[in-house]
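Chain IDs A, B, C and D follow the sequence of writing; residue 1 opens each chain.
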Amino acid sequence: MFNYELEHILSFVGKGGGTPEAIGALPDGLRVNFQNIGGEVTGPRIRGKVRPTGGDWVTVRKDGVAILDARITLETDDHALILVTYPGIVDFGLDGYERFQRGELPPVARIRTSPRFFTSHPEYVWLNRLHCLGIGEYTPAARTASYEVYAVR
Amino acid sequence: MFNYELEHILSFVGKGGGTPEAIGALPDGLRVNFQNIGGEVTGPRIRGKVRPTGGDWVTVRKDGVAILDARITLETDDHALILVTYPGIVDFGLDGYERFQRGELPPVARIRTSPRFFTSHPEYVWLNRLHCLGIGEYTPAARTASYEVYAVR
Amino acid sequence: MFNYELEHILSFVGKGGGTPEAIGALPDGLRVNFQNIGGEVTGPRIRGKVRPTGGDWVTVRKDGVAILDARITLETDDHALILVTYPGIVDFGLDGYERFQRGELPPVARIRTSPRFFTSHPEYVWLNRLHCLGIGEYTPAARTASYEVYAVR
Amino acid sequence: MFNYELEHILSFVGKGGGTPEAIGALPDGLRVNFQNIGGEVTGPRIRGKVRPTGGDWVTVRKDGVAILDARITLETDDHALILVTYPGIVDFGLDGYERFQRGELPPVARIRTSPRFFTSHPEYVWLNRLHCLGIGEYTPAARTASYEVYAVR
């Protein structure tokens, strides 16, 4: 087996705002857009906030698997802007589509993502080189998604 | 030659808000995120507003060609939500990268896009079936992008 | 209304080979992969062949609309390589999903695409700057797709 | 910290064929297309081959980071077809762009990917629900890429 290591590089919390845009039932799944209104980011080499821009354009497939398509921007305490994009998956279970449609979300949903970072700030360009794994949880009641991001070495 | 027709189906205006997020010079181009704060949509079979969500995640390549990656949401007067996503291109000219970097945008920039629509509202599901062409203009001073969208029949 | 022009820049024919890979009925639609085995390209400023690589990864949605995701490579008579990628749409009609599943394809299907070109050959870098419209037809019996590509000026 | 587990679900080897299509130096990086001509897949619940279709459309950015965009198809011994798509990253080092351009590849390159699976075969639909991590190596001399794929639980 090939060796690899997961190194925790940062954690961030994103808070949703307004009512999510329920585009509704389409041929490829339920579409709903979650708008981001802020949050914070922390880590051994980074500290700052999540800007109140971007969001997550989600498709919940008929098999109960939600496909994420997110774009957010981090702003560090030393004023670097860092774009973060990520595909990801939430498995709401075999009846997840029907439950999501009825508004029955679990208290906590497990999120798995693959974030990619884009920045020109010299202090953070090391982020541009990483393939990452995001381990997260979404808490519908608090409209909050929390992620821990690992570099896959 | 194959026959085809372009049918104008709608026009929309999107207004940018706040300062665009200048992610800066990355290996694949200048990245800047434009946040959408509203607008309006009109057409023979549609009338409403552009919701103050989404935006355009732009990469200006070294050859002066900007690659667009936009997501906005329309809300019709009869309360349908319609997600619109589009890749697109703005050709800022051979020295467009350097000019963009210096903040020297032309008074008006020509935008060409391929919008795709996503809605579950029965009155508008015909939009889901279309391959479209978007002809637009961006006016930096007004922070406004205007588009006319044609169905390619 | 904004002015625009469509300029025919090239036409190409792609021929499919082998049996398409029928991935089958998934939650977001029928998936089938068409493998490209060759073809030719002609135009006022270009002449050559379609290399026997790449293909089209198609999803036929439940509403009968097929979403294309194609990658092919052109090789010009003066030995330039040009990568072409395109999303696109084929509307097989409201019962298109069921008919496609039964193998009942129409004799000719209308294809609409948005090709993008990638080349480093100085004679063809003008292609990199274009937003294009592809007007095509697929003939299942001949396993052949023909396209006329227009630059959207 | 959130709990998670990585479960090895399968390994596959893909073998490249022909000369890779060197599209060359574009504004966003060096583009080269690797064609897949076969391989094999093994795992606790799966055994079969990699079909001789698809490939990897790679962009090596100026910072020496290669961005992968791969599509391959698995065919199991019990005749299921499984489409696999993955973005991924290879970090060739700070001078990786220049070295890649000169054809100086390292003997072995570390690949990190995020595979997604698509199949309709009842025995394998569990794969559709997974967010995965791919740990791999590319050996240029052998034109072979080997991957171990983990489900991120």
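To be clear about the criterion, a contact is a pair of C-beta atoms (placed from the backbone, for glycine too) under 8 Å apart; a residue touches a chain by one contact, two chains touch by 3 or more.
Quantities reported herein were computed from a predicted structural model and do not represent experimental measurements.
Novice: Turning subunit B onto subunit C with a C-alpha fit: angle in degrees, nearest 5?
Specialist: Nearest-5 rotation angle for the superposition: 180 degrees.
Novice: Counting C-beta pairs in contact, which comes out ahead: A-D or A-C?
Specialist: Higher contact count goes to A-D.
Novice: Looking at subunit C with subunit D, do both copies bring the same residues to the contact (over half shared) or different ones?
Specialist: same
Novice: Give, as an integer number of Å, the spacing between the C-alpha centres of subunit D and subunit A.
Specialist: 23
Novice: Between subunit A and subunit C, what distance separates the C-alpha centroids? Give it in angstrom.
Specialist: Computed from C-alpha means, the inter-chain centre distance equals 33 Å.
Novice: Which residues belonging to subunit B are in contact with no fewer than two other chains?
Specialist: Each of 27, 63, 65, 128 in subunit B touches at least two other chains.
Novice: Quick check: in the complex, which residue numbers of subunit C touch subunit B?
Specialist: 1-2, 4, 8, 63, 65, 87-89, 91, 112-114, 125, 128-131, 133, 135-137, 146, 148, 152
Novice: Write out the stretch or stretches of subunit C touching subunit D in their complex.
Specialist: Where subunit C meets subunit D, its residues are 18, 21-27, 31, 33, 35, 51, 53-55, 57, 71, 73, 81-83, 85, 118-121, 128.
Novice: Using the touch rule from the top, collect the residues of subunit D that touch subunit B in their complex.
Specialist: 27-29, 59, 61-63, 65
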